[in-house]
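The first chain written gets the first letter, and so on, giving A, B, C and D; residue counts start at 1 in each chain.
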Amino acid sequence: MSSTVYVDRGSSIHRLNPVTKLVAMLCIIVIVFALPVWWVSGLVLAVAIIPAAVVSRCGRKLSRISATILLPILVVLFVVQGLTFPGGKTALISWGVFTVTSEGLHFALGIGLRLVCLVLASVLLVLTTHPGDLMSALTARGMSPKFGYIISSTLQLIPAFRDRANAILLAQQARGLSVRGSPLRRIKIMMPLLGPLILGMFTDVEDRSTAMEARGFGSTARRTSLVPVPDSSVQRVSRWAMPMVSLAVIVVPFATGAL
Amino acid sequence: MTGMHLRFEDVHYRYPAGVEAIRGVSLAIEPGERVAIVGQNGAGKTTLVRHLNGIFKPTAGTVHVGDWLTTDHDIAELAARVGYVFQNPDEQLFARSVQADVEFGPRNLGVVPEETTRRAEQALATVGLVEQKNAHPHHLSLSERKRVALAGVLAMHTPIVVLDEPTTGQDAAGIDMVGKVMDTLAADGRTVIVITHDMDFCAEHFPRVVVMTNGQIQADGDARTVFGLAQTLAEAAVEPPQLIRLSQRLGWGYSPLNTAEFVEYCARRRSERVG
Amino acid sequence: MIRLDGVSYAYPDTVRPVLENVSLDIGRGTIAGILGASGAGKTTLAKIIAGFIPHVDGGELSGTVSVEGQGMGDLQLAEAVSRVGLVIQNPFNQISGARYTVREEIAFGLENFGVARPEMQDRVGEVADLLNLGPLLDRSPYELSGGQQQLVAIASMIVLRTPVLVMDEPTSQLDPAGTRMVFDVLSTLRGAGITVVIFEHKLELLHQHADVLYVLADRSIVAAGDPTDILADAHLAEWHIGSTRYTRVARAAQKRGLLAGLRHLPVSLEQAVAVFADDGGAR
Amino acid sequence: MPHSTNGADSRRARNIAFVILGALIVVATYLYLVIGRPTEIADTSTSHASLIAIGGYVVGAVFLAVGSIHRLPTTTVALIPVAIALNIVVGQIVSVIGLPVYLDSIGTVLVAALAGPAAGVVTGILTNVIWGLTLSPIALPFAVVQVVIGIFAGTAARWGMFRRFYTAPLAGLVTGVVAAMVSAPIAAFVFGGATGGGTGAIVGAFQAMGQSLLGATTLQGLLSDPVDKAITFTVVALLLIALPARFLQRFPFAREHRVFGRTGPKATQTALAREG
């Protein structure tokens, strides 16, 4: 039980080395942010992200999560920039004091599509990669094990934190605390419950650090890992190839004066 | 404060995840009775008693607390009738001082301030923590925190008191203290229900014992009889109290529940042999 | 093996020491039980033996602490913990959180010490068999009950194969069956030459399994010796330790004049049977 | 395990280099985006600004974190997950209730006060990484803001500003101003000002009044961040008072800089009481 969104669908994308996926995601983000044309984002979406989503069999969950994140942003983006973009000159629609400009919409389209790529690519990574595997893979590549510990531990602490809050609430109800009433009253109740919860979690830190030290967390030995991280020579090559190709894609249009 | 009738009628409980933790339990408890529920971890003991204060509502069957059906009342209302001491005191303690924490329950029940303070002081005296009344609960030892949690429920003066593992994490002095509290509650005529792994504690303070395995009641009766059911206890992975094991090994055919009974019987036996 | 000589300790910025002039001498391959009332300084003593004090907590530690002839104060913490394993009281806080399955959680320490994968797999499998954790290996440690978490905490320390294990109330959340299993495992470890220091309240089990008992009271070791002698010691009540029902009932019987001439109070079932058997009084 | 002092020295030098490099990149990014501002007209050119905003800040924050984490002892490392969980859970509760503040950096400020700026930096950046892994990747570009909060809170603690009730909100106010300025280019160039419903409307209003996009997001940030951080710092000062003294004493940073300005008899009582 942890607070991650990972779903194990066992697809070929799931089975990739996490670092391969991470490199791919970074390349995609760099390309769409470096090439300032809306159709580049569209192209990346069509040839890379959407096919990957289909192969991963996480398409539905991906669109649901991404829509919740993106919809509010995109709506605000188009409305605000359509109406108030400082560089806006060409009026499309006018309605009283409100004027929608085509420059504003164009600007919003450019930013909006890039955000779509950013969100879809990273959510897809998270959906198809168990955080534990990502951390093991990165630690194996020289990342400080402290990063891996903090991230994994936090992901599992958040649900434990909520469970404990629920347990405390239940125990107080069993002592006659009524939780009915207005939202304001509920906030008032939550505060004396959260205070001790937080204190409790923080005072537990002493025990937790003792237990970690006792199991060699402070050791300077080279870490090994119980569960092997999947990898292949094709992936090893592609982890170098992808950044090279991206670089070429970004540099060539400038060098040839196409942009 | 006199006790109240408690009645479980063919209670089943299935967790949302699908595990059926209680599978057809019927149990009636009279006012002022003292009942211990024993059995292995995972036998369904905690799930069963949490039906009494409405934390769980039966998926089938009914639970009555006095004239109330638990499904008609929420946890906070049932708290006026059923005091519940949680196994882990840290899930219960939250105030900045021991005294304030103990006052929390009675205050929620609408008891007037002077009476609340009086009750809290009395409860702290019962559990032997008067000197610590201004301390922060986080600064106390586990044994002391467990006793603060107990005092918090005592101060509510509920007719029924339920305790989940009151002796675990306690040292000898703490166990003796909890034992005295059980006797005080009994003298007040309150109904006491305890979940425990400590069979010696159980035999000394609880005349009635209920054995649970796999969400069902395996045995229910007076302590002397139940602790004599070697086969049932073995199946439930419950080890009889030390004195009963001893008397069984001695081939007495009598199950003493406490030191006094043991010595008494022993003395009688010896005098008969001599005489 | 484990030697403490005149150890005193006070926490940082405090005046009154928590422990004063504590001396212990525990031989290799023994199970040493330490009894003490709540607040007697058990957790502090456990941390001193394991090298956490003064490395982590700071404070004033005087006297000497050595394990296998090596002064713990001279070691880095990472080296100290590879000699002495420590199981703390609260199993929930012992879950590293760094790993997502019980299997990986048990291996966490081995990974930190850089043990090779095949050996890790062997050792994890072995410990899981020992403590009956097989069915739990692929579950999340956070989904387990308190008792199961406690077994995982014990397993993740045993798997490190430190020559010394210090355990602070390792069976507090376990039912009697689980408790017995843990004590049986400790006996197995003793057979393999491992030294166990266990802080525990369960007297009958200590009597069955411990080779030597110490009593911690009033900030110091007040009694040490053979479990049978210690558990029959009339001072146990003064030290707030209590005694087994066998001892209590024998003492009560003595008061009634039933066990005249009894020299040793019984502390275990077997001894009590001998004392109270119908011909016992005649001896 | 051969650890010559030389090795340790060179590692420390490397870590310091990372921190300096990270700080330089963050500052340079901000200066480029604000002073040497890429002309902000029309559509296409903003793209470079957005790449520089996202790239410069993320790379800078990563360098700062990598340089900082090696110095942290295990006690601090064990503290950080709790702090991040606190950031996230409180942040979520507040946004569900719909209060006009974020309060999503209480944990970062608390860790920085207990264990110093380096710990604050790590808590800050990892908070946003965790947001990214669990709830929404749009938090990632803002990681640098939490990093800045960590640095400022740690420095405020070093100067003893958590000892008094009136200095804590003051430090929060200053931190909030800087946080608003640092985050403005991201909000402007990466998100086009649209980081959320309410804030988006305010940005639009400032633009309609004739502000540039960057100007509008900066002003929007200045409206909410200083107040939010002043409240956060005050809450942390209150939490520090409530935490047991012995717990606080475990952090060498807090001891050395007398972050709470109290030691002695109170600590003694606590230590004895907790012993068990």
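As a convention for this text, contacts are C-beta pairs under 8 Å (C-beta built on N, C-alpha and C of every residue); 3 or more make two chains touch, one makes a residue touch a chain.
A quick note: this is a predicted structure, and the numbers were derived from the prediction, not measured.
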Which chain pair racks up the highest number of C-beta contacts? A-D
Let me spell it out: compute each chain's centre from its C-alpha atoms, then which one is farthest from chain D's centre? B
Chain centre separation in whole Å, for chain D relative to chain B (CA means): 49
How big is the gap, in whole Å, between where the Cα atoms of chain A centre and where those of chain C centre? 45
Measuring centre to centre with CA averages, how many angstrom lie between chain A and chain D? 19
Residue ranges of chain C touching at least 2 other chains are 38-39, 56, 89, 97
At least two partner chains per residue is the criterion; list those residues in chain A. 149, 153-154, 157, 195, 199, 203-204, 208-209, 212-213, 217-218, 220-221
Chain D touches at least 2 other chains through residues 74-75, 81, 242, 244, 250, 275-276
Chain contact topology under the given definition, line, ring, star, complete or other? complete
In their shared complex, chain B is touched by residues of chain A numbered 164, 167-168, 170-180, 192-193, 195-197, 199-200, 203
In the complex of these two chains, what residues of chain D are touching chain B? 242, 244, 270, 273-276
Footprint of chain C on chain B - complex, ascending: 40-42, 141-144, 168-176, 197, 200, 237-239, 241-243, 245-246, 249-250, 259-260, 262-263, 266-267, 269-270, 273
The residues of chain A that touch chain C in their complex are 1-2, 130, 132, 145, 148-149, 152-154, 156-157, 159-160, 204, 207-228
List of chain C residues in touch with chain A within their complex: 47, 50, 52, 56, 77-78, 81-82, 85-90, 92-94, 96-100, 103-104, 107-117, 120-121, 124, 140, 142-143, 153, 156-157, 160
